[in-house]
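Each of the next two complexes has chain A plus one other chain: chain B in the first, chain C in the second.
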Partner chain A sequence: MNEPATTHVAQAGTLESMDCLVSITGAGARAIEISGSSAARFKGAIEKKIGEVLDTLSAKPVKVTVQDNGAIDVVLGARVEAAYRRFERGPSA
Partner chain B sequence: MRRTMLYLPGNNPNMLTRGYLFGSDGLILDLEDAVAVSEKDTARILVRDILRRGEFGSCEVTVRINGVDTDLWRDDLAAIIPCKIDGIRAPKIESPQTVRDLDEELSRIEAASGIEVGHTKIFCLLETAFGVWNAYDIAKSSPRVAAIIPGGEDLAADLRTNRSAEGTELEWVRRMLIIAARAAGVDALDTVFPRVADDDGLRREVEFIKSLGYDGKSVIHPNQIPIIHDVYTPTEKEVETAKKIIQAAKDAAERGLGAVSVDGRMVDVPVVKRAEFTLVRAGVLPEQEKGR
Partner chain C sequence: MAINAVGRDIPSHIEGYGDTTNRLFAGAFARIPEGNRDGGKIRAHGPKENGKLLSGIREAIAASGLKSGMTVSFHHHLRNGDYVVGQVIDACAEMGIRDLTLFPTALFGVHKAIIPHIKSGVIRRIMGSVNGPIGQLVSEGGMEVPVVLRSHGGRPRAVVSGDVHIDVAFIAAPTADRAGNISGREGKSACGAIGYAFTDAQYADCVVAITDNLQPYPIAPISIPGIYVDYVVQVESIGDPAGIVSGTTRVTRDPLRLLIAKYASKLIEASPYFMDGISFQTGAGGIPLAVTAYMKEAMMRHDIRASFGLGGITGYFVELLREGLVEKLMDVQSFDLDAVKSIATDPRHIEISADWYANPWNCGAAVNSLDVVILGATEVDTDFNANVNTEADGALLHGTGGHQDTAAGAKLTIIAQPLLRGRIPCVTDRVHSVTTPGEVVDAIVTEFGVTINPRRQDLIDACKEAKGKDAVPLVPIDELYARARKMSGPMEPVAQGDRIIGVIEWRDGTVIDVVRQLA
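Right, the complex of A and B next:
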């Protein structure tokens, strides 16, 4: 079996107003899934921001799931970075 | 002016991004008590990014870091100081050495970040009896110290008492700290008023600290801001009297006179100084940079 080494899920953020809950887990290729209040309207912008943050962190391939509740760009970026750093630290984080 | 400094929970995007709209003189983005231990890492990143965004209106921007008795404060400083904030609010300061340790770390990060060394001020929270006892030495321990602030709940616990509606347990502390602050040439800022629905109690407490000479108060709810500003804002009559005093002093100086009289009261240098301060608080005169 070629089980991926990183199957744990790391999370950051909340479902409170103006926030988002970001979940990150290992994947064969970068993947982004968005749900929530602004998913339809701002999908492109959210994907772009997530991509920028992951690139800045030189991130390995991961699947990013965002449950958005009206987070502005700066909040989304902070939550993605926090979730990725937790993912990197491993399951105990 | 530092009449009101509003605490904003460091892991709350809603408050962090909109808190400045409530009109306080200053903001305290809080990485300490308002953030659960499990969320210290996420709050630090969020606060850093909100600081980088930099939308705070005309507010003085500070961050309450975690205490120097934790393993978190160096990471807090490393994240936020490069954002060029106005100051840090440091909890549980007990001795001048603690301030010097902070000063040293701030200088190191400022130099590495291309920020003028000494830019970041320190607002010292004195939350133990020992800290209060050392207030003057703490206030004088670094030119970075902008203010000393009595603790509320933590100090009450250290004094082995509770917070009362009358504030009896803090009365002597407040009197001591205003003397220490003025002697050291720093601001005295008061602790929070925890009963957010008790407007009358808040007004009484602000009137008391203002009468002692305090420069302002820490705030935990936006609704407290207009009440505090109202107490600190001079009345029309006070403003008119202050203008008359300053004009009379100016006329006297031009005519080579020393003391003059306004409305039957002798006007000398301290009276003029107080009149100027009244006009600063009324927004008539611009605030001067404190001579520190």
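Right, the complex of A and C next:
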């Protein structure tokens, strides 16, 4: 049996302008899904930043979904970190 | 392929547009016209032919002689409330007319209703701005023939010079009489000025007025006289008043935009143009309106009066007129209810045509007398080239409007914009498409200060002379670009194919850039 933490979704952020909503859930391998206004020109940069944050946190494999509304890197990084820490705390948190 | 004067590679032949060899953008004032004006068919309605009134749009289309493959024109003063384009194209489709060239002054979201007619081949080509859903369709390759984008002045130039010949002009008429005299000032669909329709009325082979307010002959005042109008049709409604005029235009309360407006106002105050008789155009955007508010304070402080306000007119400009801070308004398009009421009642509020407003090929358009214009842009680059046509993802979603014309005409052209919109930088090293060349853009104003085009050393000097509370914070363009790039990170290129879906003409009819299909 997998531990229950892999089945819940943790979120951080908002859909306000210059912010993003990051959702993280358990997965067999790391996966990143991006939608929103910046995706057309910043997909690579957004993926890179998410990867860096998850690596820094020595994250286990997760699926990260970003609904972006124009967040710059520092905002995105903070949202991913918050979402991951909430994810790690488990569904009761 | 050949490189034009803003460094863009333009194919020597564009399928569905034509040869560009003699039509490459060569500089803002490089192309000189030759020959005579073009014109519409001569008609003679004698005293015994008083039958201009027809029973419906289909009857008018039949009477006009409109056939497949012809060019039909429309004006956009009913904006997002317009019912006329939809009614006419629906009728054309029912009558089996196909392959039309649609030549509107602009299209809005409401016109997405004609998308089925684009797909079915009733409309084969669009020459005019394609805002919103039609722009998205075109960007994704939904039309076989590229859209041609012209400025408010470039469009009448194209008509007057014969680049575009209008077979039938359909004019939405908020008020009309049986002789075809037209006014936009009154009626349930009142829109104020109808300046964009004038040239079409004067140069089309056939002109049809469509009204929902038929009044006894003669109406007064008259904007477009019936001598140009062949037929008059009365319909239930030409538009939705809620989409035609906005209520009250409000100045932005966003502190970032107010700061930008404040810097722009400081630049204007420091410029040599801030004196009695100054003229300006500020449009209806949030930042430009706030600039007007700051300018009002400054004008009162220095006891200065403006000679005229130009362009699309808002209630804010009307307030300046009433308070005596602006002597006259020259109005090609009335944006809100206050502007509509003012043009209907105040003789100092003058209606002008698009030709008069902005055409580079006449004996002097109003933009030539303009001191200051505040504009926006999707992006500007380190050469001060501005893009207003395509979005960050490369989609062709916006018309050119008066951007090119006012920038070319005004002594001080200011683009006021936050440095980033979301993550997308508004200052780049190379704009995706060029609408207006850097040679006619004098300053970029962002929340970081005022960035002046290095070719305007006189303005840089004037700003440096302003001290104390009038000081203007100057930021060199390279520093501004570096700041934007640092915040946004490097951008990936737009994912696009080779096929050209849009041609952006400079106001003189030369090709300044092309837009390619999204990948």
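Everything below uses one rule, namely that the second predicted complex is superposed on the first by the 88 of 93 C-alpha atoms of A that agree within 3 Å, B and C clash if a C-alpha of one lies under 4 Å from a C-alpha of the other, contacts with A are read in each partner's own complex, and residues count from 1 in each chain.
Basically, a residue touches a chain if its C-beta (ideal position, glycine included) is under 8 Å from a C-beta of that chain, and two chains touch if they have at least 3 such contacts.
Only a predicted model underlies this, so the values are computations on that prediction, with no experimental measurement involved.
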Subject >> Clash or fit (per the criteria above) of chain B with chain C on chain A >> reply: fit
Original post:
Regarding the shared-chain residue A:Arg85, is it in contact with chain B (first), chain C (second), both, or neither?
Top reply: first
Original post:
Touching A:Val9, do we find chain B (first), chain C (second), both, or neither?
Top reply: neither
Subject >> Spatial angle chain C-chain A-chain B, Cα centroids [nearest 10 degrees] >> reply: 80
Original post:
Where does A:Met18 make contact in the superposed view: on chain B (first), on chain C (second), on both, or on neither?
Top reply: both
**OP:** Figure out whether A:Ala27 sits in contact with chain B (first) or chain C (second), or with both, or with neither.
**Re:** neither
**OP:** Could you say whether A:Ile72 touches chain B, chain C, both of them, or neither, answering first, second, both or neither?
**Re:** both
Subject >> Nearest Cα pair across chain B and chain C, whole Å >> reply: 6
Original post:
If you lay the two complexes on top of each other, which residues of chain A touch chain B in one and chain C in the other?
Top reply: 17-18, 71-72
**OP:** Quick one: which bits of chain A touch chain B in the complex? Just the residue numbers, please.
**Re:** 12-14, 16-19, 71-72, 74-75, 77-79, 81-82, 85-86
Original post:
What part of chain A is in contact with chain C in the complex they form?
Top reply: 17-18, 37-38, 40-45, 68-73
Subject >> chain B residues within the chain A interface of the complex >> reply: 11-14, 17, 41-42, 45-46, 48-50, 52-53
Subject >> In the complex, chain C residues that touch chain A >> reply: 392-394, 420-424, 487-492, 494-495
